[in-house]
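Below, chain A partners chain B and then partners chain C, in two separate complexes.
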Partner chain A sequence: MSKPVVATTSLAGCFGCHMSLLDIDERILDLIELVEFNKSPINDIKKFTKKCDIGLIEGGCCNSENVHVLQDFREHCQILISVGECAIMGGLPAMRNGIPIKECLEEAYINGPTVKNNTEKIIPNDPEIPIMLDKVYPCHEVVKMDYHLPGCPPRADLIWEALVALITGNEMKLPYHVVKFD
Partner chain B sequence: MNQIVKITIDGVECMATKGQYITDAAKENGIYIPTLCNYEGVKPRGSCRICTVKVNGRLMTACTTPVSENMEIENNADEIQELREAIIELLFIEGNHFCPACEKSGSCELQALAYRFHMMVPRFPYSFPQQEIDATNPKLVKDQNRCILCKRCIRAIKDEKGRSVFAYKRRSRHVEISIDPKIGKSLSDEMAQQAMDVCPVGALLVRERGFVVPIGERKYDNEPIGSDIEKLKE
Partner chain C sequence: MKNFTQKTIEKYHHDKTRLMDILIAIQSESGHISPENVTQIANELNMSEVDVEQTISFYHFFSMKPTGKYSIYLNNSVVANMMGRADTAAAFEKEAGITFGEVTPDGLIGLFETACIGMNDQEPAAIINNRIFTRLTSFRAKEIIRDIKDGKKIEEMFSASFGDGANRNNLVKSVVTNNIRKIGPVLDPDYKVGEAIRKIIRMKPEEVISEVKHSNLRGRGGAGFPTGLKWEFCRNAIGKKKYIFCNADEGEPGTFKDRVILTELPRLLIEGMAVAAYTVEASEGILYIRYEYKYLEEYLEKILEEARMKNYLGKDIMGKKGFNFDIRIQFGAGAYVCGEESALIESAEGKRGEPRDRPPFPVEKGYLGMPTVVNNVETLCSVVKVMLNGGDWYRSFGTSESTGTKLLSISGDCRNPGVYEVSWGFSVHDMLEMVGTTGNVQAVQVGGPSGSLIGSDEFNRTLGYEDLATGGSLIIFGEKRDLLNDVVVNFMDFFIEESCGSCSTCRILPNVLKKKLEKILEGRGVEQDITDIETWGKFLKASRCGLGQTAANPILTSIKNFRHLYESKVQTRKEYDTGFDLQQAVKEACEASGREPNI
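And then the complex of A and B:
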């Protein structure tokens, strides 16, 4: 039997969840035995080359590119997992959700205390740049997500347990200290 | 003299003092009934409904219902647990609870209940309400994003003349907690700390203080909420 294929991506995240995945220490050697990686920043495969079994999503959707990537993952992956608070509820980027997008952009590009040299008061709007969404959306409000692993980042043990349980079909062990929202 | 009555909680026979609230009676018998708006030493209000139990077949709030002879109480039934989970999830989506950015994370009762009930994600869509932070008080910061409107601060924190330091402002879904501008100005450090401790979430924070206890060593980081009560049974 061929190994299950895993893909990962970071949308509006900080790559902390990917760091936490690497934080499984020497178990990473076991992981390589267990699964094959496809599209992922870990191996730098940029495009899906086949259908995948598991997709790990870090970060919520803050712009059109995030939505596009997430939909691409949904199309290519059997099972999608929201990894971390940002994927689950928008996380820290979603702290802008109470502020109108216009005000956010003006603060970032025109009125902010660190803005210099923008004398023409330009807010970037080149069609090449992904357009910002009105707010940051949790992944499961954009596509169907199958599982959620909370944490900021989710503890390495939680990610490991979830992956192994999913691959082996065994029940997940969830000690109390492993599931945390911070 | 106190009259002792017999009650059953999930079929287990327990002794209680007549007139005692169900939550307190359960606690004395080593049974944890989850509470959130309830605070020891403050008159119960029964507003959050987390402590809902079935009393002789009817849903009641355990924090406001006194025990009586032969009362049959259901606490751990699936139906009730499901209801409690739904309340917790609703509280999460109704406010802006960014746990990673909150000073109360790890000692927050709402979060601890979510841990205890194994909440991975709320089933309801997030509402991301627009809320303000009030940093005008010299001792406290009030973050309405995190407030669950339990009224614990209003009921528990009084000045030396018995006046409430906190109050409700506006109505309906616009309702919020406000700190009395006059009494609030003369808050002592102890009272400010007391207000922060009374708040089950991170809506009231003492200014210029943080991470006194590091993440990972806080109250609910290693022991689920209610485990201190359940230990009494052993």
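And then the complex of A and C:
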């Protein structure tokens, strides 16, 4: 039987969840025995080369590119998992959600105290730049998500247990210390 | 203003439990409560400024910004909309030159929305500087704004005639009408004031309680707690002072029967409070009235004064040594949740109207920590009739579980909206025939937004605690009404606005459920959205008070009884759709940066 294929990405996140994935320490050797990685920053594969079984999503969607990547993941992955607070609830980036995006952009590029030399009052508008969304969306408000792994970041053990449970088809072990958050 | 504030604070003896009264006085005097007022109040009452501000911010009718010399609060309830509110609102906006939520630059006119003001049988209605204007039209709106601009006084702005009954009283002079359509034992005008007091003072308090228990009278506010039992608990509770509260906060949209009792039978109510006081040995009564009925203040104060003159209130009432009882009026300031008894007590203590954790129940630790009975207006009026005619007589009305009669506030698509007193056990079908409907009736909202929306297959159900329990609000919807867009959305907005924010379930879930509903209405919903609403709605039961626990009822009962309306709007081709719209999500940023959405 061929190995299950895993893809990962970081959208509006800080890569902390990916760091936590690496935090499984020597078990990473077990992991590469268990699964094959496709598109992921871990192996630097930029585009999907085949259908995947599991997609791990870090971060929510703050711009149009995030949405496209997430939709691409949904198309290619059988199971999608929101990994960490930003993917699940928008997290820290969503702190801007109470402020209209126009005000955010004006503060960042026109009115902010550190803005210099923007005499023409331009808000970056190159067509190459992804467009900011009106607010930061958690992943499940954009596409269907199958599972959620909470934490900021989720503990390495939690990610490991979840992956192993999914791959082996066994029930996931959820001891208290893995799911308590304060 | 500084002097006025100082005088007001002194009038209430620097007592911080009277903060509501102080704030109401200042708000009425100057149209807002300024930061300077807050500082002064905080200093004089020995409170922190944020404590004063948190009370101000809790209530709809308090504002820290000017609300205009003439503050117009137009009701935005479902029935107001059904009766043509949109035209009236547009006329107000056009003539005043501002939109709702704004004050004219010269500070003359403020336009605001407000939830049901207890005038559902005469909508659209508005409150202008504490006076009620009913049956508004776009023409009347134009007239009113013109009169305001001409500098007329509020009294000069009423149309030709005043309402019926005591609405014509010199101290009321209101255009409100009572619309009493059917009288029964409670509304019976043939009643001699003071007879019940005369009778009970010859009885032992325990005998009075036993008679009330025998009558099987249950609380008329909606929850239906046995009145005799409540009194017994309070009588047996230990406390150096006890209180009788009358809950006249009727905020459930569609209810207005207490307003009619307060207008026509205030003496009956006072007598009921005195009977309650005698049985539990309470010395002070508080009549808590919603702010919307402030136009009745002078009239009710006069009636209380008259009751004191006749010794129905005061010392050694009707010659009974040691039976001392007096009543003060406490006004609210616009908060539905204050109809919940512990929130009402909090409010009367000058605080935010947030429900308390129970136990202890108010009968043990209520107002100022003392044993307190909180009864609905109608309950207290019923008590008088029970004591005059006996429990057996009372049980001859209604059913075995629900004895006596119920005052119904009926509004919506019918020929004769108003107050009807009927025996419990009355069917919805009979009710519809009684009020005279035009065309087919699609649905009836029983018990206001927190009750149920029922369809024609349930019109044979009966009103009573054993079947359709209700505080008395019945709203009729004809076949042309759009139940989801016009009714359910409006009710959900109401609950979202009125949540005190204390429990996360009630603060968050109604928003989430309403978003789901909007998604379905916009055609982006799927079957799972309906089942999600049903599943998630259940979590509201974890809320502390009845408001939170019932906040999903508009959606849940309409799904239960009108599922086809939801199912006809969801997408059948898809199993899942988040409803996310990228074009819409990038629109604002594109406008801000001046670029095309090349997505």
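Points worth noting:
Methods note: the second predicted complex is superposed on the first by the 179 of 182 C-alpha atoms of A that agree within 3 Å, B and C clash if a C-alpha of one lies under 4 Å from a C-alpha of the other, contacts with A are read in each partner's own complex, and residues count from 1 in each chain.
Please note the rule applied: a contact is a pair of C-beta atoms (placed from the backbone, for glycine too) under 8 Å apart; a residue touches a chain by one contact, two chains touch by 3 or more.
Fair warning: this is a prediction, and the values are worked out from it, not measured in the lab.
After superposition on chain A, the partners chain B and chain C are seen to clash.
In the superposition on chain A, A:G91 makes contact with chain B only, while chain C stays out of contact range. In the overlay built on the shared chain, the residue A:L149 is in contact with chain B alone; chain C does not reach it. In the superposed pair of complexes, A:I131 makes contact with chain C only, with no contact to chain B.
Shared-chain residue A:H177: touches chain B; no touch with chain C. Of the two partner chains, both chain B and chain C are touched by A:H140. After superposition on chain A, the chain B segment that clashes with chain C is 171-179; the remaining candidates among 27-35, 135-143 or 171-179 show no clashing C-alpha atoms. Residue overlap on chain A between the chain B contacts of one complex and the chain C contacts of the other covers 135, 140-141. On chain A, the positions that touch chain B within their shared complex are 82, 85, 88-92, 94-95, 97-98, 135, 138, 140-141, 147-150, 152, 174, 176-177, 179-182.
Residue ranges on chain B touching chain A, taken from their complex, read 96, 98-102, 105-106, 111, 114-115, 118, 120-121, 125-126, 128-131, 145, 215, 221-224.
Contacts from chain A toward chain C in the complex involve residues 64, 67-68, 100-102, 105-106, 123-125, 127, 131-135, 137, 140-144. Here chain C touches chain A in the complex through residues 576, 578, 580, 582, 584-599, going by the rule given at the top.
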